[in-house]
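The same chain A turns up in both complexes below, where it pairs with chain B and then with chain C.
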Partner chain A sequence: MQQQVTLTIDGSTIRAARGTSVLEAALGYGICIPHLCHVPGLKDTGACRLCIVENVQNGRSRVTTSCTLTVQEGMVIRTNTENIKRLRRNIAELIVAEAPNSRAVQDMAVRCGVREVRYPFRRENCIQCGRCVRYCTEMWRANALGFIGRGKDRKVDFAFGNRRDICKKCQSCVIYCPMSVTPCGGPMKPGEEKLCGKCESVELMAENAYGACVHCELGKGFQCSRHAM
Partner chain B sequence: MATANLDSVLEGRRSQPSQLIEVLQDIQDLYGYVSEDAMEQVAGGLGIPLMEVYRVACFYKAFSLQPRGKNVITVCTGTACHVRGSDLLIDQVRGQLQIEPGETTRDGLFTFECVNCLGACALGPIVVHNDAYNPHVTPGKLRKMIDKAEEEGKKEAAYGKTGKA
Partner chain C sequence: MARLEKPEDLENLRDSLREENRGFRLRIIIPNGTCCRASGSQAVIDAVKAEISKQGLEKEVFLHITGCHGFCQQEPNILFEPGNIAYCRVKPGDAKEIVEKTVGNGEVIERLLYVDPLTGERIRREGDIPFYKAQDRQLLTNNKLVDPLAIEDYIAIGGYGALAKVLEGMGPEEVIREIKASGLRGRGGAGFPTGRKWEEAREAPGDEKYVICNADEGDPGAYMDRCLLESNPHAILEGMMIGAWAAGAGMGYVYVRHEYPLAVQHTRNAVMQARALGLLGENILGSNFSFDIEIARGGGAFVCGESTALMASVEGKVGEPRPKDIHTVKEGLWNKPTVLNNVETWANVPSIILNGSDWFASKGTRGSKGTKIFALTGKIRNTGLVEVAMGTTIHDIVHNIGGASDGRAVKAIQTGGPSGGCLPASQFGLPVDFDSLYDAGSMMGSGGMVVMDEKTCMVDVAKYFLKFLQDESCGKCIPCRVGVSRMLEIVTDITEGRGTRAQIDLLKELAETIGQTALCGLGKTAPNPVLSTLRYFGDEYLAHVDEKRCPAGVCRPLIRYAIDPEKCNGCGVCVRSCPHEAISGQKKEVHAIDPEECRKCGICAAECKFDAIMVN
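On to the complex of A and B.
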C-alpha cells in the first residue's frame, strides 16, 4: 500500500504519496507553482529555479526548489509570499533576458509578474533547462544529447558535436523545448526585444487567483504538466 | 598495437561504469590525449553511453581531446606568479612559438598551456616542462629551455630518419 503523508501548502492541508515532490503534490491539488523545467515522469533537477517555495521549519523558512523537495510528514510550504514572488520575478527576468525569442518563456515571465526586464538581452537560444537532455536520456534511452563543457561554455550537443547517428529521431527534444514556441509577433529583431504585453489579461487573472491553477492558456505555451496530464 | 594497449587498460574493468575516470586517466597517460576512437571503445567496454564518456572527458581539464605536443609547457598564472611576471613568460612563449595558450605547434613539438595555480607560490613564477617544475623562471631562461627542447626534437627527428634508412 502506498504510504501517505500530510503536509500544508499555503494553509491548506494536503495528502500526498510518500516520495513525490512538493511541486507534483501541489499541482495535483490545483495549486499552481510556476515551473518550466519540470516534465511529468522525468527526474527533476531544479534547473530553472522558477518553482521556488518557502519551506518553514521551526519558525524559520528556507527557500528551495519545490521540484527537488520530497514531501515529508508535517511539512509547511508557502508558495506565494512576498519574498518568493520577488525572487521568482527576478529569476523569470533573467531567463527572459537569456532567451527572449520564446513565447513559452515570455508567458512564463508575465505569469510570474514581470513587467519589464532590467537585464540586457543576451539572445541565446537555450536556457539550459535540460528538458531535451532528460527526455532523450530517461524516456527514450537514446543518450544522443547531453550537456557539454562547463560553466558559461556549457551547452547541449551531440557526442563529439557530430554523432547524429545515435539519435532515434523521436523529435522529443524539439517538442519539449520551450524555445520551439515562437512569440506571437514572430522572432524579435536585435535591439528591439521587449516583453510581450498581449497576455496581460491572463496576468491579472493569475494575480487575482494567486496560488490557484487557472488552467491558463499559458500552460499550453510552456507545456505545463497540468496540460500534459 | 594501439588497440592492444587500450585492451590492457580496459582489462579487468569491463562493465564497471564507476571505473570511467580511472580508465580515461590511464588513456590520457598512455597516449597523451583521449581520442574519439578511444572514447567509443571505452563506452563499449564499460557498457555506458558514448555521451556519458564524452561528457566526462569534456568536463575535466585533465583530459585533452586533441593530440598534444612532445613538450608540454605549462605556465602558472596564479596571483603570486602573475605578480612576479608570468605574463612576460606567456608573451615569451607566444613570440617564440607563435601559439596561443591551449594550442600545439604545427610540428607537434610543443603544447602551450596556462594553469591557474600550481600550489608552489613561493617558487613563482613557475613553468612546468613535461612534469619537471622549474622555479623562478625568467623570459631568458624560458627561451633557452624552449631552444634546447627544440634542438633535441630536431635531432631526434633526424636520427629517426637516418635510423630507418
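On to the complex of A and C.
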C-alpha cells in the first residue's frame, strides 16, 4: 500500500504519512492549528475541541477535530474559515472563563481571538484536558490517575480516590498540566479575574500570524507540541 | 421440549401448541409489566388465581399473565378473550365477583368497565376504547398474546417463523434487500436506514462481527423499549438473529440498563429458552448459521445509549463516547464491524420478513415507513404507550388518543427527550415522521412525548433539560460539559429575574457552538430544547427578561401570590393551609397574603375552592 497520502490544508498541498492525524500533518508543515489536549505520542481523545477544522466532502463541510481525524488521500481541510474562527473563539472563551488562573489557558484564549469574556469567571483548577491521565496510563503504564464520575462531577483522581501508592512519582502529570503555569502576576484574587494576554507582542503576533506556526512563545507554558518535540 | 433440528420441527411444535390452547374456553389476560406492578397488578393476579382454584375452574379457563398492553393509566386491568371485555382499575377485592360473574356466567360487571371521560359512557370492548381505537398496533398487539416467560406462546403466534424462512431460503443479500425495500429506519432516534447499516457491516472486512440491541433508553419519560423487551423479548431476539444472519455476525449483545430488572430477567430467560430449543447456538435449525446472544447490563447513564459509549461499556470500559470519524459498522465493538439497533427496530424485523417489505412500506409516509410507538405523558387524560402509523398528525395523537385534558389549553408538545425540542400547538398539524419533526426543530428521538399546557413555563422546561444534560453529559469534551453548564447558568438567571437581552444572544451563540463542535450526539443535540423553545416561545423568554414576569406562573422568583377580593368569601381554608402563616384575615372577610412571609409554595392555590388565589 502507498505510504504517503496527499491532501490539501488551507489551499496548500501537503503529503503526509498514512495513519497520521490532520493536526500532526499540519503542524509538520508549520500550519498552526491551536490545540490543547493533544500531546505528541499519546492517543488523541478530542476533549478540548480547539483543534476543530472543516473537512470538505462532496461540497459539504463538516466541523470535526483535526487531532482525531486521520489523513486520507484527496482530503480537503480548512483550518481558518470565519466559522471555525468563531467557534474556536467561543470554545477558548469557555475554557478561560473556567480556569483564568493559567497562563497557558490565557495565552491560548488570546491566540484564538478572545477579546472579552462574557461569562462570570469560575476558579476551576482543572479543565479536564486529560493530558495527565493519558501520560500516566499510556507513557508510564502506571494507571495511577483516571477520570471519576460523569457530567459536572467528573474529575481526575487516584483510583478509588485514595490509592496514591500506585503513583510512580514521575511528575509527568505536573509537567504536562496546562494549569501548572500561573499568569505573570501570580494567581488572580477571587473576584478580580480577568482576561490577560495584554502583552502587546503576543496580541500582535496572534492577530497577524493567524494560521501559521511561528514557534511562538505561547505554547511553551503548556508543552504545545512544537515545544515538546 | 426437544431441540429443534430443522424448520419442520418448529412447524410441528407450533401445531401441537395451538392444539393445546384450544382446550380452554376462556383466556383471562392480566398484564403484569413494571408499570402494571406499580399499580398493584400482582395482588390482583394472586386474588384471581386463588379464586379460580377455589371455584375449580383451572381446567376451563386459562390465566394468562402478559406484559403491559399500553393503557398504563387504567391499570391494573383484565381482558377476557374471546369477547374482548376489558376491566379497568381492578382491585384484589373484585376478584371474587369477577370469577363468579364474568368467568362463571359470562356476565359483564358494569362498574369495572372503562368510562369515557368525554361522554360518560361505559365501554365494554377493549377495541372500542378511544385510546386503543385510534391506534395502529402492530407490535404492541402481541403483548396481550404472549406470556413473556413462555417461548411456547411466542412460537404459537408464529414466532421464529421469520427465522425459519430466512434460514430455509433467503440469503443474507436477499434479507438486506428486503429490509432496504421496506424502508425501515432506526427507531433509536437518528432514523438511519437499517438495511443500509446491515449492508455496510456485511461489506466491512473481517470475519468476526457483532450485533447489539440498544435497550439503554435513558430519555426521561420514555419506556417503549422497556415495555417491548419485558412483554415480548423473543421478537427482539428473533430480529437480532435475522440481522446477524444478514450481517454475518456470530455474537450478539442486548445492552439493557440495570434499572430495568424485569426486562433483564425476561430477556435472560428468553435467551435460555431459545438456547434450549436450539434457536441460539451452533447450527440453528439444522443450518450452517451459528449465533448466540449475551446480556450486557448498563449502569443507567443516558450517554451510554450513544453508540460508541455503549460499545465501550459492553467492553467493560468507562462509558464515554469516542470520535466517530470511523463508523461503528466498520470498527465497533472490540474494533470489529458492529450493527447497533434499537429494541423497536429489531422488533420490527420478523414481521417484515414474514409479511414482506410491501406490507411494511404500505404504512407511513414517503420517508418514514411502518408504525412507531410513543410514550405519551403529560397534561392529557390518557397516558400510556401509543402505536401509530408514521405520518399520523400530532393533533391526532394528542387529542384523539390522548384526549387532551380538561379546561386548560394544550400549549406544546415535547418530543425526542433531551435531544429533541418543543413544538407549539400551532404545529400540531405536522405529521409525525423523522423528517418533518427534524425540519420543525425537534426530533423523533426514541419516542417520548410530553404534552404541556398553559401552566407549563417553557423557559423552565428548557432549564429542566439542561439540568438533566449537565448531569448526564459524560464530561469529556469542553463544549458539552462546560458549555451546557454555562447555558444552564444563563437560563437560571433568566428564570430568576437576572436575565438580560444580551444573555439571550449569548445563549443562541453558545447553543450553536455546542451543536457544531461537541464530540458526540449528546452534546450536538443538547442545545435543541433551548433552541426550539427560543424559536417558538421567544416571547416567554422576553417576558422573563424585559418584564421580569413568568407568564405561566411557574418561576418562583418572578411570581407573586395575591387574593382576588371579588372571589374570596373568607372561608379561611387558605389561612389554615398555609404552612408559613403568610395569610391573614377574619372569617367572612377578604383575606390577604403577606408577600414578605409568602414562600410561593402554591398550597393555598391548590386548596382554594373558589379560584381566588391569583398568580402573577
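Quick note on the criterion: the second predicted complex is superposed on the first by the 225 of 229 C-alpha atoms of A that agree within 3 Å, B and C clash if a C-alpha of one lies under 4 Å from a C-alpha of the other, contacts with A are read in each partner's own complex, and residues count from 1 in each chain.
Operating definition for what follows: a contact is a pair of C-beta atoms (placed from the backbone, for glycine too) under 8 Å apart; a residue touches a chain by one contact, two chains touch by 3 or more.
What you see is a predicted model, and the numbers here were worked out from it, not measured in a lab.
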{"item": "Partner chain(s) touched by A:163 [first = chain B, second = chain C, both, neither]", "value": "first"}
{"item": "First, second, both or neither for A:87, with chain B first and chain C second", "value": "second"}
{"item": "Partner chain in contact with A:118 - chain B first, chain C second, else both or neither", "value": "second"}
{"item": "Touched partner set for A:70, first chain B, second chain C, both or neither", "value": "second"}
{"item": "Touched partner set for A:46, first chain B, second chain C, both or neither", "value": "second"}
{"item": "Partner chain in contact with A:147 - chain B first, chain C second, else both or neither", "value": "both"}
{"item": "Comparison of chain B and chain C by chain A residues contacted", "value": "C"}
{"item": "Which of chain B and chain C A:128 touches, first, second, both or neither", "value": "second"}
{"item": "Doubly contacted residues of chain A, that is, touched by chain B and again by chain C", "value": "147, 149-150"}
{"item": "Chain A - residues contacting chain C, complex", "value": "45-49, 52, 63-65, 68-70, 83, 86-87, 90-91, 94-95, 97-98, 118-120, 127-128, 130, 147, 149-154"}
{"item": "Interface residues, chain B side, partner chain A - complex", "value": "36, 39, 49-55, 58-59"}
{"item": "Footprint of chain B on chain A - complex, ascending", "value": "137, 143-150, 158-160, 163, 166"}
{"item": "Residue numbers on chain C that touch chain A, as the complex places them", "value": "301, 303, 318, 322-323, 325, 470-479, 481-483, 485-486, 489, 502, 506, 509-510, 513, 516-519"}
